[in-house]
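In what comes next, chain A is part of two complexes: it sits with chain B in the first one and with chain C in the second one.
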Partner chain A sequence: MTGPGRRLALFAPMGLLIAAFVLSVAGLLWSSATRGGIGLYVELLSDPGILRVLWRTVWIAVATTAACALLGYPLALFLARSPRRNLWLLLVISPWLVSIVVRTFGWVVLLGNRGVVNTALRDWGLIDAPVRVLFTPWAVLIGLVHVFLPFMVIAILSSLLLQDRRLEEAGRILGGTRWQTFRRVTLPLSLPGVVGGSSLVLLMSAGAIVTPLLLGGLRDRMLGTQIYTEVFQVFNFERATAMAVILLVVALVLVAPLRLLEARVRRRLEGA
Partner chain B sequence: MRTGFPTRALAALLLVLLPAPLVIVIGSSFSPRAVLGFPPPGFSWRWYVEFLGTPSWLVAFGISAALALVSAVLTTLASIGAALALRRAPARLRGIAETAILAPLLFPHAALAIGFLGWLGMAGLGGSFAGMLIAHLVLCAPFAYRPVAVSLAQIDSSLPEAATILGAEPGQAFRRVVLPLLRPGIAASLLFGFIISFDEVTVSMFLVGPEFTTLPVAIYARLNDSADPVVAAISSILILLTAGLVLLMDRLVGLRIFVDIEEDGRHPSA
Partner chain C sequence: MPRSGSVGHLEIDSVSRSFGSLRAVNAVSLDIAAGEFIAFLGPSGCGKTTLLRIIAGFEAADSGRLTLDGRVLAGLPPNRRDVGMVFQNLALFPHLTVAENVAFGLELRRKGTAEIARQVEEALALVALDGLAGRRIQQLSGGQRQRVALARALVLHPAVLLLDEPLSALDLKLRRQLQGELKALQRRTGTTFVFVTHDQEEALSMADRVAVFNRGGLEQFDTPQALYGRPATRFVAEFVGDANIRSAAQLAPLGLSLPAGSLLVIRPEDCVVGTAAAAAPVRIDGVVEAVDFVGPHARLRVAPDGMPAGTTEPWLALLPGAALDGLAPGARATLGFDPARAAQLPASQIRGGA
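And then the complex of A and B:
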């Protein structure tokens, strides 16, 4: 019913979308090679300001991912064991009902010097002067963790739900304590979810723009905000292009080890 | 086996914090004062009235809704075509094609935005609806493809065969047997396409023009100058709209497909 010609025709519209994607990546690399060249990269990478931006991007992305994994795992475990899982899951994904701009702005209202948190702390007499969190990298970290936590929870939850529950029961029956059973049975079996979720969060937080712009301000920039500044405030498209290529490389370098780990964990679980 | 107390306490805290911005946004949208704050010092519909009475907000809303609708329909149609084309393709070929379809997920959006800005500008599509639509189609395609592909894989291939044996034309077997069974996947595809496009801001903020903007970018621009509660009012309307779409989907085809998509992602070989 489907010959090769017909198959090609069915695939053609999606093929066009793939072409549009390839064109934008190829165009980016091409215009960086022809208009800025290697010289621009040397200039950017020897600029201490840019190196600080690069370093900040890496540590914020790694810290966001680690925090999402550490917070997301217990939450996913709770969801996996709870009889009211669907209700809790709805709460976990509820942030997706609002645009990321507004979600992030919710934190501006919460964390500002006269925001909800500072006002409450002062009213309770716990602090005298407002704690300055907004427009620091800490605010960016809080915002990114909030934005990306649902992705991590869902990735871990799905690998917990796939586990054969009898394996845990066997662990307990054979005399393992709760902690031992968790460490030797549940955790290893759910690692693909943790690693998969981590690579997603790492990638998205390295390339974030809106959250660092609104919560970090323009002083403590990340690569995404630096690109935004180059385009809209400095009007230097060559530099923006080179920064975009640097971001691409940073993202791939950060995620590559996780992808390798994921393949390895999968192989081991399938072999076992 | 139940989880221990520390796990439950942490989970409870996170389950309160995750929806917190929603509560704050909805709460502060009813503020009678011009400063965004929570809890609101009183109650008024003032900011809802302002939104509905400001043409530029309504135009941005209309553009975003049109963009999301067209993106959702076109990426879903392209996904149905691609899923059908790849269903009986050799495993290797299918693997390559699916990697290409899902690739935009693996690229940081800030970098993609600069790529789009470059070639769309050269093609004369900078700051236009068509240029924005092309970018949105590319960004929505991976999300639209998976539900349809998962749904198609669940259909027992003997069903259309049975229809053919019973005398149905190939087109009839597709329309009367395959298409109805694909309904949950198609609905999820449309929903994902719509929400992803409607909320997209990272790439869109680079592609708007002086006379053309989308709602999330307009909201961002407004929040950057002043934090008045009209933004909270718009967001509350959007929350209602999205929640309505999700509920509608639940009533029409159920939400089971979302779990299936995740499980499929864990077992790409299955």
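And then the complex of A and C:
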């Protein structure tokens, strides 16, 4: 095959994906508009319970992203410098070999009132009563950071590996200490990776379902779990649809500034 | 912006460095005077870049001593050596403008804003880049980038400026132009330059003295004229310019006697061919194998007539273009030379080989 035929063949699988995505979002918007109408949104957005869920979703997503960036950067830097990078990288992504349900359930075992952490703290006499972490937003945060950290590490690592090591040497010989060179050369040049990884983690954690369901319990819900409940327990598809649209908007609003930032950083680096 | 007094006296005392079983730098000693323009010349993998990186502080020497104006450099990180460097790929900061690149080192030294602005302007003027201060690196041509890298290093007035094949990525014409500028810049600033290159013509035309490296060792450290006229080793004779290198055994049939084991280095331009050869002290009859006419001069390869085995290596001659006079491949010709103009390599100094 040559020319347009070949290009079409290559594009076909991608086209199917795009079509499925566009159709599902269009369907979502359509059914929301026809079945619930604007009144449903007014009702949802004036419900203090839903607003709490909305707010919780936003801060957990933002906190997860920040924590992943803060933990992931040093890890990515270590990987980028390590001669045994591939071995370490395997360890970083090894959680992906295990189902997310199993991994998250591990945290239930660790964080519960009679879990490993509380038992150990009590045995050492550091606490009298168990610290309640499981079924709080903190457990969700811990679980989400655990699940999404590898994405952040890989995004930052790739931008660090693209960097020319001679630039750091140039920083050193021009008089920079290791720290000054990191701050003025390595860090700014790796910002596209940080921003890209952040967009990814922000989107995924805003829409997370499994982790908040298992670690947050039914009281401290996020939007994803709320939608899950509406569909599978309450069977209220109208509310679920409207909330899915709200989630979509929230995700877009959260990621938009990051995309703008990324575009700016890239323009600056590539001098377009 | 010359530095006051004479700074930039770099002493390298039997410095060695190995990578695994490879001796990258083998007991090299060099005494570089303040304000000298030095070239490190050698084929790739000869250790010249490793030595440069040891001077910069990016690699540590396994043994030996480095001093700059009496200061021992061992243990000092690159940022405290008072050494500048222009990298092979220039390593300009892509996220900064031209002026910000040049100001980088000044800002680390916590100079005042006005002082930085003044010095950046001065440095950009020095490399004829005034007016481009606000440009991004990606908007510059290869030659302009070269000058930014120079300005960025020179604005700090380093005692020694190391240059790691900075011109190798440029086309020939731009390269020749920048070679001239670089030399003029070195004269003007009085900074000690250590210039790494694998291009012998570049090394000879630019440097006050050239250090020739081979397989980690220093072959010869001398002025360009001495290097060419009196090569110390067979490697130098072959690497720096073209040469007809003949052993005592090969020359005996021509009536020349050399000490056993020694070699004679006859430069192609010291050979004459054709009628002019009649007056030469040593003459060889043969057949012209190849002629390369390049305008001002022509290169000839002459295969000598059947002589004792091992002596029929072709001879190279470099003639003025006008003297070619009908000499074409296949023509019979006589090649002559004057052994008094040839350099002799004593047996004890014949080592290496390309």
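Following the convention adopted for this analysis, the second predicted complex is superposed on the first by the 257 of 272 C-alpha atoms of A that agree within 3 Å, B and C clash if a C-alpha of one lies under 4 Å from a C-alpha of the other, contacts with A are read in each partner's own complex, and residues count from 1 in each chain.
Heads up, the rule we're going with is that contacts are C-beta pairs under 8 Å (C-beta built on N, C-alpha and C of every residue); 3 or more make two chains touch, one makes a residue touch a chain.
Please read these numbers as outputs of a predicted model, since none were measured by experiment.
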Combined model on chain A where chain B meets chain C, clash or fit: fit
Partner chain(s) touched by A:177 [first = chain B, second = chain C, both, neither]: second
Which partner reaches more residues of chain A (counting touched residues only), chain B or chain C: B
Which of chain B and chain C A:227 touches, first, second, both or neither: first
Which superposed partner A:166 touches (first chain B, second chain C, both, neither): second
Vertex chain A, arms to chain B and chain C (CA centres, degrees, nearest 10): 80
Which superposed partner A:52 touches (first chain B, second chain C, both, neither): neither
Touching partner for A:132 - first (chain B), second (chain C), both, neither: neither
Which of chain B and chain C A:269 touches, first, second, both or neither: second
First, second, both or neither for A:189, with chain B first and chain C second: second
Overlay on shared chain A, then closest C-alpha pair between chain B and chain C (Å): 9
Common interface positions of chain A, toward chain B and toward chain C: 169, 172
Residues on chain A engaged by chain C in the complex (per definition of touch): 164, 166-167, 169-177, 180, 184-185, 188-189, 268-271
Parts of chain C lying in touch with chain A, wherever the complex brings them together: 56-58, 77-79, 81, 83-85, 87-89, 91-95, 104-105, 108-109, 136-139, 152-153, 156
Chain A to chain B touching residues, read off their complex: 1-2, 7-8, 10-14, 16-18, 20-21, 23-25, 27-28, 31, 71, 74-75, 77-79, 81, 88, 91-92, 94-103, 105-110, 116, 146, 149-150, 154-155, 157-159, 161-162, 168-169, 172, 178, 192-193, 196, 200, 203-204, 206-210, 214, 223-224, 227-228, 231, 240-241, 244-245, 247-248, 251, 255
Chain B - residues contacting chain A, complex: 1-4, 6-8, 10-11, 14-15, 17-22, 24-25, 28, 36-38, 74-75, 77-79, 81-82, 84-86, 88-89, 97, 100-101, 103-119, 134, 137-138, 141, 145, 170, 195, 198-199, 201-202, 205-206, 215-216, 219-220, 223-224, 227, 231-232, 235, 238-239, 242-243, 246, 259, 262-263, 265-267
